[in-house]
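Next, two complexes with chain A in common: one pairs it with chain B, the other with chain C.
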Partner chain A sequence: MKRGWKVAARGLSSPFVFKFISPSAKKKWAVFFFVFPGIALFLLFWVYPIVKGFQISFYKWSINPNLPSIFIGLANYQRALRDPVFWLALRNTVLYMAITVPGQIICALIVAVLLDRIKLGRVFFRTVYYLPVITSWVIVSVLFRYLFAEKGLINYLLTDLLHLMPPIPWFTKPGTALTVIMLLGIWKGIGWSMVIFLAALQTIPNELYEAARIDGANAWHEFWRITLPLLRPTMVFVLVMLVIGGFNVFISVQLITGGGPLNQTEVILSYMYKNAFSFLDFGYAASLSYLLATLIFVITLLQLKFLRKPTEMYY
Partner chain B sequence: MKPMVWTALKYVLLFLGVVIMATPFVYMLSTSLKGPVYTFEYPPRLIPKEPTLSNFVEAWSTQNFGLYFRNSLIVAITATLLSALLSAMLAYAFARFDFKGKEFFFYVLLVALMIPGMTLLIPQFLLAKTLGLRNSLWGLILMYVTNNLSLNTFLLRGFFEQLPRDLEESVLIDGGWYFTIFFRIVLPLSKPALATVSIFTFLFCWDEYIWATVAIDEVSKRTLPVAIATFYTAHRTQWGLIFAASLIAFTPVLITYIALQKYFIKGLTAGAFK
Partner chain C sequence: MKRSFGVIGLMVLGTLVFGVMVAAQQQVTITFWHTYSVEEAKFLVTRVIPAFEALHPNIKVKEVTIPYDVYREKLLTAIAAGEVPDVARVDIIWVPELAKMGVLSALDLLMPDFGDYKDRMFPGPLATNFWAGHYYGLPLNTNTRVLVWNKEMYDAAGIKGPPQTIEEFRAVCKAIKALGPDKYGFVDGGTYGWAVLPWIWSFGGDITDPNMIRATGYLNGPDTVAAYEFLRELFAEGHISPMIVGEAIIGAFEGYAQNVYANLLEGPWVGPIMKSMFPQKELHLALVPAGKGGSVSVVGGENIVLFEGSRNKEAALEFIRFMLSPSVQLAMADVGLITALAPLAKLWENDPYLGVFMEQLKTARPRLVHPAWAKIEVVLTRAGQEILLGVKTPQQALDDAAKQIDQILAEQ
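After this line comes the complex of A and B, so read on.
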């Protein structure tokens, strides 16, 4: 096979003149050719904006090009710390993360363990559990708004079918509205963690379980003493990714409640978005997004520092 | 517990999960197949009495979702091809060459993975305005390529590093160029990795909502997620139409996923087990 490639590669040599260009010059051109387009795009659309955004967060930014923006130092950041809606949004964001991350991990782990050693229908189950992951946030948010509507399927289930409680007007109170948003977050995310856990479970050699069984361990012991410890690196990876995702909750809030009633279900990004594109207060909005980015960055680094053993993970 | 009982219990639990996962989709489908009158019938019905495709027809033609579908397709396909090519080139440079600033760029790309995209929303919006990229599909395409650049570069770099070098060296000895190596040897050998990267990029572009809603005001330039969200905000009661439009948007995703499942699994686990 390899030989075949080599022969094929022979035919690829370039026109005669190129043979006189020195190998080191060749390499220089090649580096430029390969690196330039990607890095140029990255510098223009990522590095420049991140620096520019930081600058904006120190200004009372004027969206009118004829009026100057005024440098106000840390005033935007100080304003955030005194803004009760910011603290409410931060509380909601942290709450969302604190509930959906363990929710997703626990559900996904249960499904993965159940699926791990069955033979019939594995691909079917994996496909169905993964469906919400590939569906756009816009669609599932609208869908959950419909499911939890006053006369929707969920109220029908709770009231008429199971006789548990009278119909709940989910979206008129902040607590129940946030519950729907969190349920959506868990429901949509289970499949992602499940696929990763499942792949990790398959790397655990069967002999370990067999040896444990000879020693008299039951399924419960096997799970806590073998499965869970060996899943640890995977668990850290999933945790880090889900925490980042949790802090980034936005589309579901935007489409399901719009932050209402009365800002009660606002999260950081929905509040940031509102300040930027409804109130056109770019300076304040920029400072909010930098506060969130800093928070995420610090928490991610802390998690990596304290949870991962070196060489366990790539990023 | 006997093994048989345990297996049976496993299946019961798994099917319970399937009901929870799939019912919303079934409900969405059945609502879209009902005429406009029945969408909030109570008690709700999962199987419509007189199924009709009228919602799909209206969404596609009268409500312009045919056009939005085309926009989404143009953006997603162009951005995916461009992203695969540019990330592959960058990844190849990182895998094979030593150059000035290599370490530095590598770390910047790493940091880019950790910073939420929405931090850049405002400055990117201002930049797009300056460059005349608002209300243009190119504005979406270029931003999507950039957003996917770091992750795709990491995944591809990992793959390229495993490719045998001797083959490439033999081309160089024959006086060939690195471009020849890259396009005629490296890319063809990397089809599985490129497929994985492309699928995830395509899905990202197809579903992307936040940047699209900020960058596009013109109705005729909307992509599907923006169009669905706008339609939903404007016509809250026309659930049949909303879900017909949603299913029009969801179908290509579903087909891609079912046809190319193995690449999905590969891509997901590539990040986790490096």
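After this line comes the complex of A and C, so read on.
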């Protein structure tokens, strides 16, 4: 049998390694060959850039590979800590995260609970709410710029239709410009969290609600005492993902304000991009991205440590 | 003995002939990166490159069209990877930066005939190729901004013709505002160099000294301050569209066509664009209003450069020469690209449209020809925003900006 297998293998001209190793080892090799493409891509396009970026952050990096890059130790990091625009960008990034994450979660939860109740048109509404998620950031950013233009739809509603206030020059002041960017972030993000909440809601057994109703609970009690506690693991997952996403805000800022006016709406990634591709300061840009990565890492660890309480997750 | 000499002689001869034949047949391919528009690229591919390849049968040109928005990233990535094109058409403001990076060849060292080109070019565009004692490119096409004035609005406001001076321009703005609160005398896209430099120079001001050593005393000198004070005043009185501070409002061309904007500064593309978007709107051009410094506009355009990493420099130089030859330069004018060769430009002197640009080009100046221009421009743009938004007075904002630019210049 064994010999026959060998002959067959030779006949099929399979890789020569197969001839010298035992069948169980062969299985392991086969596994290796199957995972190799994935591992190789991961190493090449994830690990290598991450390591290289870390190296670049310690250099005054020369783009031309024929000219030497100068090792400057922690100077790029020290510079970031003294750079007022970095702190401003960090403040804006944290502010964006702190407002858009709860905004998305609350809106998505409301929509998900409502959609969970209705039978008619659920698929339709789910699709409609999910649509912003799959549209391109570029398109919706430009769209929001038009909506909030001096003579755009929003100013028309506020001034000409509702007579609430004179038209707001949205992009001239940092506060209102950031508001537009945050509104876009919330609007575009609702669908993603909603789909996950909706899936989690459907796993909550109906008996719990029935039992509660028999005990005299109203809808309000049901939501606070049953729905919300049972959504906790989902909530932690959504929270962690949204916080990471919030810190990585870039395209909307780049396209809606470009960091202006006066750098006042700059976020870490737009400032990093500017340093790399406008000022050719790749070393400094790399150090900024590492500072951001460290911050995200620490916050995610803290979230997981304090929010995850496995014992009370399930009944 | 004699016979063997003969044999050796034959063999040497044979080798030589063979070698020459191989050399003659050896095909080289050069890569040319550019940002020509669809129309221009079509012209390049169907007319210019075939003509060059017919003239040089052993050279093939591989052209690559790259959209301007991603060009800078793409070039930088190519440089970092060591996979540069042979020849490229690049924005004039990038040449000193690329030269300092050490990726461009100094053309004045490589081309024995460089002087012929140098002497015939407009000085403004030529200057954009100069860094640290050498020329790293040649102007391929040039442009500048001129005043585009809206005759319909001028007529409605009872103004006879375009303003010659800055004082007249101010008067025009005031008369236009009388037409209605949402009419603007002037529109521009921001406070970056391309926008504010014509005003600074026409007021007699500047950003730095001619040697680009310091900005203090120039950027915050009385003439530059006067230019910004002029812009601040016009903006505060509602004569300049809030687009200049980033507000989302009707675009410059659209607003011109719909009689919202009475004046703008634009390059030669304004004609073709307006013709395709608003064919019935008449276009009227004039020189930039003159101040103490005269009527001085800003030079734009592209230079052609040779990369140090090119393996076929001789072939690449031949292509550069061909692109700068009168026949190609004249032909490219058909698709709206203005030559920087002054003797050729004379042909359009009396052209009602291009003639204005040619006249303006005589005094037009390049933005600071410095590798750190991108960084300097950020400081400049910010100072302009601070002034217009009233965060600082012109003098304060420019004092601060001058200090920062001094530091950037000293770092280089």
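Quick notes
Everything that follows uses one rule, which is that the second predicted complex is superposed on the first by the 281 of 315 C-alpha atoms of A that agree within 3 Å, B and C clash if a C-alpha of one lies under 4 Å from a C-alpha of the other, contacts with A are read in each partner's own complex, and residues count from 1 in each chain.
We take it that a contact is a pair of C-beta atoms (placed from the backbone, for glycine too) under 8 Å apart; a residue touches a chain by one contact, two chains touch by 3 or more.
The structure presented is a predicted model; accordingly, all values stated were derived computationally and were not measured.
Using the contact criterion defined above for the overlaid structures, shared-chain residue A:56 touches chain B, although it does not reach chain C.
Contacts of A:257 after superposition: chain C is touched, whereas chain B is not reached. When the two structures are aligned on the shared chain, A:42 is found in touch with chain B, with no touch to chain C. When the shared chain is aligned, no partner comes close enough to touch A:72: not chain B, not chain C. After overlaying the two complexes on the shared chain, residue contacts for A:149 are found with chain B and with chain C alike. Chain A is touched at more residues by one of its partners, and among chain B and chain C that partner is B. Shared-chain residue A:171: touches chain C; no touch with chain B. In the superposed pair of complexes, A:277 makes contact with chain B and with chain C alike. Residues 146, 149, 151-152, 277 of chain A contact both chain B in one complex and chain C in the other.
Across the interface of their complex, chain A is touched by residues 1, 6-7, 10-11, 13-14, 17-18, 20-25, 27-28, 31, 40, 42-44, 86-87, 89-90, 92-93, 97, 99, 105, 108-110, 112-116, 118-127, 142-143, 145-146, 149-150, 153-154, 158, 164, 166-167, 170-172, 174-182, 184-185, 203, 206-207, 209-210, 214, 225, 228-229, 232-233, 239, 242-243, 246, 249-250, 253-254, 257-258, 261, 264-265, 268-269, 271-274 of chain B. Partner chain C is touched in their complex by these residues of chain A: 62-67, 145-146, 148-152, 169-172, 177, 257-258, 260-263, 274, 277-280.
Residue ranges on chain A touching chain B, taken from their complex, read 2, 5-6, 9-10, 12-14, 18-19, 23, 26-27, 30-31, 33-35, 37-39, 41-42, 44-50, 52-53, 56, 110-111, 114-115, 118, 121, 123, 125, 127-132, 134-140, 142-144, 146-147, 149, 151-153, 156, 160, 187, 190-192, 195-196, 199-200, 203, 219, 234, 237-238, 244, 247-248, 250-251, 255, 269, 272-273, 276-277, 282, 285-286, 289-290, 292-293, 296-297, 300, 313-315. Every residue of chain C that touches chain A in the complex is listed here, in rising order: 72-73, 76, 79-82, 97, 101-103, 242, 245-250, 374-375, 378, 382, 385-386, 389, 391.
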